[in-house]
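As structure tokens, here come the structures.
First chain A sits with chain B, and in the next complex the same chain sits with chain C.
Showing the complex of A and B:
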């Protein structure tokens, strides 16, 4: 992964770029999240291909989720997920107490309404990675107090 | 050394297939197609195997009179199949392994190319020339 600061700057620019384009009348505002999510999806697909090149074959779904929480997260965000919970029926909750992309904003609830913009890309990243490993899922994020956030992964059974 | 190299998507359709004697192309396509069943069999058997045996390289899938078919499956369930002339006895397991390794590296580069749509046929020139070097090394 490229230098950390560069990734953070690029990500910030990407978010504001997408939103600025929307303000100038290219498509409506609600589609920005989708757009960012789709960008993340494609990046996730590529990244997971690269990261899993030298790992052994995965045993099951939980094995894959552990890989995402540890190796994948460490490479992208320089830290592991703090807490992974599951109900063993296809729902996983990944909790990060100090999420990298939110650390630049003031902690607490001041910018809570803007948080979703900065999480869309990462949601896509997870979804893209999982889909390339053969798991279809829906990923949503929620923040109650910055910079902690939770990603909920709902696996869609075929 | 390899006479045919194929990349198969996880939904079992070909992303890339190339063989060297072009006149018998259909035969190789058929061979690759047949090998997919063996790949599936090996993967499902592997799920129960011990942890340290879960390698990406599958080894020899099946030999025929004139050729040997080798397989490799990535974590994203993309399959690589390689057909090798069996008269070429000098070829060791290790070399096959490193050829697959090279193929996988190249495929990863294709996947990370922003102009490539995952699931499309591979038309990358870099990938193509890498396969060419694998095919003519000995022939």
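Showing the complex of A and C:
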């Protein structure tokens, strides 16, 4: 992958671009987040095709989640997920203690209310990657203290 | 040996950041005017130095000193100016000022989407990292020398 700064700056502009293109209004925040998430979804689908073209088939769901935490995260963000938790019933929590897109923003509580905008794309990235591996899911993110954040993946059993 | 204060200006003269550690005497004018005075002086000295230099100029204006303090100056190609006042015992600190620019300003302000360029820096992270960096410098001592 190319220099990190390239993606970081582009991502930041994308977020502000989506927000500027939207009209004023309270409901816009949700719509912008959805737009960013959908962008991430499509990118995630493409990325996972590329990254797994030489890998063997995955044994089960847990194996797929481990792949996301280790190889996928390393290739995109140059580090692994710090903590993966599951209840073995379809809910996974991925914890990153030093999320790359947030490290420059703050080390604590400042700018916390804006953090969710910058996580939407990555949520979509995870959802898109999983969907191309055959897993339908819902991904949400929460931040209590930057730059640590948690991504919660809920697998939809069809 | 100590650091008195630090100014950060952008290309248009906007003071992006100011912090002080040991400043016994204030300028006696409001902060806004002080920043304008500092920027105006730097602008004039830079053009003076380049015009009156008897030899080909390499780095341009680096620092000046009085009997009590020394002012160090570093300018980047994009027009960001780092100005630090220290006491007289401190030698050339171009690399320190460069580090403040590259590892602190660029990393924490330019790459922060919530910090609009061209305005005073509001980021707490930048302020605290800068403070701890200055305090860790070998020529900074907690008691004013």
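Everything that follows uses one rule, which is that the second predicted complex is superposed on the first by the 151 of 158 C-alpha atoms of A that agree within 3 Å, B and C clash if a C-alpha of one lies under 4 Å from a C-alpha of the other, contacts with A are read in each partner's own complex, and residues count from 1 in each chain.
Operating definition for what follows: contacts are C-beta pairs under 8 Å (C-beta built on N, C-alpha and C of every residue); 3 or more make two chains touch, one makes a residue touch a chain.
Source: prediction; values computed, not measured.
Partners chain B and chain C fit side by side in the overlay (superposition on chain A). In the superposition on chain A, A:104 contacts chain C only, with no contact to chain B. Once the two complexes are laid over each other on the shared chain, residue contacts for A:134 go to chain B alone; chain C is not touched. Shared-chain residue A:59: touches chain B; no touch with chain C.
In the superposition on chain A, A:80 makes contact with neither chain B nor chain C. Residue contacts after overlaying the shared chain place A:118 against chain C, while chain B stays out of touching range. Once the two complexes are overlaid on the shared chain, A:46 sits against chain B while remaining clear of chain C.
Of the two partner chains placed by superposition, A:152 touches none, neither chain B nor chain C.
By the touch criterion defined above, A:16 reaches chain C but does not reach chain B. With chain A used for the fit, chain A forms the apex of an angle whose arms reach the C-alpha centres of chain B and chain C; rounded to a multiple of 10, it measures 130°. Taking all C-alpha atoms of chain B against all those of chain C in the superposed arrangement, the shortest distance found is 25 Å. Touching of chain A by both chain B and chain C, each in its own complex, is seen for no residue at all. Residues 5, 8-9, 12-13, 15-16, 104-108, 110-111, 114, 118 of chain A are the ones that touch chain C when the two sit in their complex. Listing the residues of chain A that touch chain B in their complex gives 42, 45-50, 52-53, 55-59, 132-134.
Residues of chain B touching chain A in their complex: 10, 46-47, 51-52, 54-56, 73-77, 104-105, 107-108, 111-112, 114, 118.
Across the complex, chain C meets chain A through its residues 107-108, 111-114, 123-125, 128.
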